[in-house]
Amino acid sequence: MSSAKNQAEKIKEISGVNPLKCMKCGKCSASCPAFNEMDIKPHQFVSYVQNGDIEALANSKSLWKCLSCFACVERCPRDVQPGKLIDAARQLVVRQKGQTGLAPEEIPELLDPELPQQLLVSAFRRYRR
Amino acid sequence: MSLNNEEFRPKIVAFCCNWCSYAGADLAGSSRLAYPADVKIIRVPCSCRVNPMFILRAFEKGADGVILCGCHPGDCHYSTGNYYARRRMTLLFSMLDYIGVENGRTRVEWVSAAEGVKFSQTMNEFVEKIHSLGKNVRLGDLRCRN
Amino acid sequence: MQRIGVFVCHCGSNIAATVDVKKVVEMVQMEPGVVHAEDYQYMCSEAGQAKIAAAIHEKNLTGIVVCSCSPRMHENTFRTAAQRAGLNPYMVEIANIREHCSWIHKDMEEATKKAVILARAAIAKVNLNTPLQPGESRVTKRALVIGGGIAGIQTALDIADAGYEVDIVEKTPSIGGRMSQLDKTFPTLDCSACILTPKMVEAAAHEKIKIYTYSEVEKVSGFVGDFTVDIRKKARSVDANKCTGCGVCQEKCPSKKAPSEFNRGLNTRSAIYTPFAQAIPNVPVIDRDACLKFKTGKCGVCEKVCQAGAIDYTQQDEIVTEKYGAIVVATGFDTIKLDNYDEYAYNQSKDVITSLELERIMNAAGPTKGHLERLSDGKHPHEMVFIQCVGSRCSDNRGKSYCSKICCMYTAKHAMLIRDKYPDVNVTVFYIDVRTPGKNFDEFYRRAVEEYGVNYIKGQVGKVILKPNGKLLVQGSDLLDNKQILKEADMVVLATAIEPEPSVRQIATMLTASIDTNNFLTEAHPKLRPVESPTAGVFLSGVCQGPKDIPETVAQAGAAAVKAIGLLAKDKLMTNPCTAKADELMCNGCSTCANVCPYGAISYEEKEVNDHGIRETRRIAVVNNALCQGCGACTVACPSGSMDLQGFSNRQIIAEVDAICR
Amino acid sequence: MQELISRAKELLADGTVARVLGWRAGDLPYNPEPAYFTTAEELENFVYNGFCGANLSKYMIEASKLEGKTMVCLKPCDTYSFNQLIKEHRVDREKAYIVGVGCKGKLDIEKAKKLGIKGIESVSGAEMTNAADTLTFQTIYGEKSCSYAEAMLERCHVCKGKEHMVYDELIGESKDTKDAERFAEVEKIEAMSPAEKFAFFQKELSKCIRCNACRNVCPACSCRKCVFDSTKFDSAQKANVDSFEEKMFHVIRAFHVAGRCTDCGECSRVCPQGIPLHLFNRKYIKDINELYGEYQAGADTESRGPLTNFTFDDCEPSIVTQR
């Protein structure tokens, strides 16, 4: 319980977001291109963090389905920015798992010139910082 | 007299104009937005009523920080008072800085009647700043004869 | 030496729960001048005031300190109480131990200590107080109403009906305001023009009301009871005395490309125009930016066709200077600009419109003659989507932090009207919350759902996409079903946030009336004085003070009128005696004080003085007490310290400083 | 000097003026003192030389109340003070016949003394007509000399210029003496750490004996009653060593004359303790110039002073911490 609370605090700290500002309008979920792929929807992310249910978040598919397109961050009228929360939750999981991702220097040779920049950045956000 | 390990409790004088900042402080009160009890407010009709002599007097009498709050520029109840206050305080603060008084001990902040949150935040910040500066020893007596 | 009584209020538990009031009483008794101290449950109550009066009589008090709530709350109460007991009201000082102490501190010892210090400061000040006598100033029995919408019209009618002269200044060519642009009004669905037009006519016909349309307030000076206002009457290029309002000029005008302000730019108007058919006055103006005569020098058709000979291309702006006792601000609102909301495709598609634009489309005198049609291709829509809270309730700097209050209701109205008139049109409303506090409001909204079959979906829209076929794809969420919805629509209506009419900022500055971060004018007290500005003699009517609907606006307009009437009914006003005063013997006559006085209250006299035996004529500053508002700018500017402020004198403030730093 | 005397005699004789305000020899060879002359005989004692640093404009406050006009000798820098006094309605322009006198820099005897020239019996080379660059002192220890510039007052090294701002006629030649930056000293202090600044001013101000010479000589300190002598600020208890004014006197005085001080340097010249009081005033002038635009008090008689003026976009006081 206290560790879940601790983790929720960590997510707030990493994201710099105050989930209490959310007015539950759902504009994040309305904006999300990966909505249908997600088990926990963007707007639900906020309440999960609010309620300290980090365990479920960490195990959710959504964490890895989020494209980090930041449409929700752009459009959130309350500056809650669910994308940042998802990002932070992902960070938390990545940190707990340890150094399992790619190292930056390994990337150039894997690069496909056709690969959109955005995807690259998005991948970085998701797998390694 | 006082024990060395006694916690430092700064004396802070806040001059607040009647129309905006004093009302802002009232709003902070009615919204229960806490700030340290070290801050004591003196009500003046306008920020332009504050004579630099009042500020120096406070320091001389042992104040550790003095803050002046008035209406936002453009919103002065008397239309132009805070513009004069702004120039006066800029020059006074610059002079205090020039004679070696830590410039964090003086501050001007524009706080409207609607900005209870800002008032409380400002006071919290200011008290914290004064804590970091410690007791005011320099302005007590410029003519120390020791 | 003063004989001071200190009265410590418990304010129930508001103060007493955090401040040890008994301790305060005990401590202040040791202060110089204090001969009496007591505490009581509620000092402001009648019993509390009686205690003060009793002590004044019994102890022969010359000064009073009340440790209680903010002086902004009850200073007047205690001054009046003291006055009734025979004490000069300005011998009363308040130590604010509630808002500035008990309410913000938790630790009792700390709060008590602070309360004692605040009391000491007030005692130190009272020791130096002197009895002050208020002066008198006259009241000009005429009111100015800035803004000619429903708020301004109602205020003016109420003031005029009470028998006082009122001038309305309206910046557009006609009175009527936003209400004249509306088609129907909620929750009764009666026609807006039908209820507004009679009021406009009544105002125009009223013998006590003078209307300046196409005019703006340019300068305000003076103070409560005696304002002097410059009004700029913009050149109409039409002589209002000659014009018969026949309308031929507008028909014949060859330049018809100017966007119609009245129709929110959805269609165009001629260069010489009245904004709408029922305009008051029914006198057109020439838009000089659009007029060929003004742009090229060639044309003059209107002059030729005007049988009354009313066209006057040489007309100049005119400045009218008038005196007023009271000023009512009724500047109203506009919808916000949607430039920051790219996701709703407002700038990309003509079929994404604001609600106010829909009002014009639904109106028989509007750009589509009242037919619901797409502005892009004139086709009848089958699917309509309404999006709520566009720009309202936003804390992200793109929109407004507040709820615009009227959108839930007018959206229900629009949905209902459309379903009623065009049963073939499906209407979907995306909402965050439906807010319907108001008489018959929730019933109205429920009717939209239950009787008219409007589809309400809880969830915001994330994006509106303009498809190549001209249709609009609305991507929103349904939070209750936890689904993302893609809906193809023919028209999208945005419930756009309202904001105070932007020009209110300059008006507030001219009036030295305070304004909040959203540009709404501030009330003197949010609950107890909601229609008064903190600036004496300035009253607030309508949306300039905060979002409200028509009935609320009319109610507030009436309230503002009553406040103004209350002021105009007085023959004289007591002036604040806390004015500046020059010490004759110390004054240098240097003019520094006059340079900083915002009221021009300081003049100079050659005066013979007797300075300790030296008799000479000196140039000496003299303060006009009726003009001086007591800001104190002069006191600090004065190099010799001759200028002092009564009630906030140098010695008094220094005594407070000393008491606090002791 | 002779030209001045003969002109003064003429003006007295033809009734243009009722008196002449100038300098006469003091009890030492280097301390001429301000004096009124009403007759041709008295004018025989008239002196004008390099030691006539005293700014006579302030005397015109009293002279303005006397019958008839007063011929007053003003050096270029004194005319700024006179203009400022006109602006503040303290002197009557109509009551003054201003003779703008030439100036080649005024002398500071303390500087000569610091060079080891003591026991001075007489001085030559300080006369206005003398073009020599050397001062020669006859002392009880024999003849000593130094260059004129070496013994010049600090203010003359940073001279505002030898142009008179207001005058009825000009007599005598001037010589440019500016060879230093006006704000260099202020900048030096600004560059110090807070502790160094404080130590500097504490050391200087500890010398103050509150003789009030600075205040009495200052043309801006022309108040009928000084705030330090009034009961209005609780700042008048002179006997009390610990009182408010004792500690803050110079800081407050500088603020009182801020925007009005012409930087005439009289305060520093007359201080018997040698406190560089002009460093306070000049700091305000520097700040005003930098923050609100160049302003020279006394350059005219009409413009608004910087502290009785403002612009909507003035800097905030927090600029002090940002600089």
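Going by the order they are written in, the chains are A, B, C and D; count residues from 1 in each one.
The criterion applied here is as follows: a residue touches a chain if its C-beta (ideal position, glycine included) is under 8 Å from a C-beta of that chain, and two chains touch if they have at least 3 such contacts.
All values reported here derive from a predicted model rather than from experimental measurement.
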Chain of greatest Cα-centre distance to chain B: A
Inter-chain centre distance, chain A versus chain B - centres from mean C-alpha coordinates, in Å: 44
Chain B and chain D: spacing of chain centres that average the CA atoms, whole Å: 36
Interchain centroid distance [CA atoms averaged], chain A/chain D, Å: 72
Distance between the centres, which are taken as Cα means, of chain C and chain B, whole angstrom: 30
Sequence positions of chain B contacting 2 or more other chains: 52-53, 57, 74, 80, 84, 88
For chain C, residues contacting two or more additional chains: 596, 637, 650, 654, 658
Per-residue multi-chain contacts in chain D, two or more chains: 227, 233, 307-309
Chain contact topology (line, ring, star, complete or other): other
Listing of all chain pairs that touch each other, if any do: A-C, B-C, B-D, C-D
Interface residues, chain D side, partner chain C - complex: 65, 87-90, 220, 222-227, 230-234, 256-257, 260, 304-305, 307-309
Chain D-facing residues of chain B, complex: 52-53, 56-57, 60, 73-74, 80, 83-84, 86-104, 106-108, 138, 140-145
Residue ranges of chain A in contact with chain C within the complex: 21, 23-32, 35-36, 41, 43-44, 71-72, 75-79
Touching residues on chain C, where the partner in the complex is chain A: 343, 389, 393-396, 398-399, 432, 458-463, 475-479, 482, 484-485
Touching residues (chain side chain B, partner chain C) in the complex: 11, 13, 18-20, 22-23, 25-26, 28-30, 32-35, 37, 40-46, 48-54, 57-58, 61-63, 71, 74-81, 84, 88, 112-115, 120
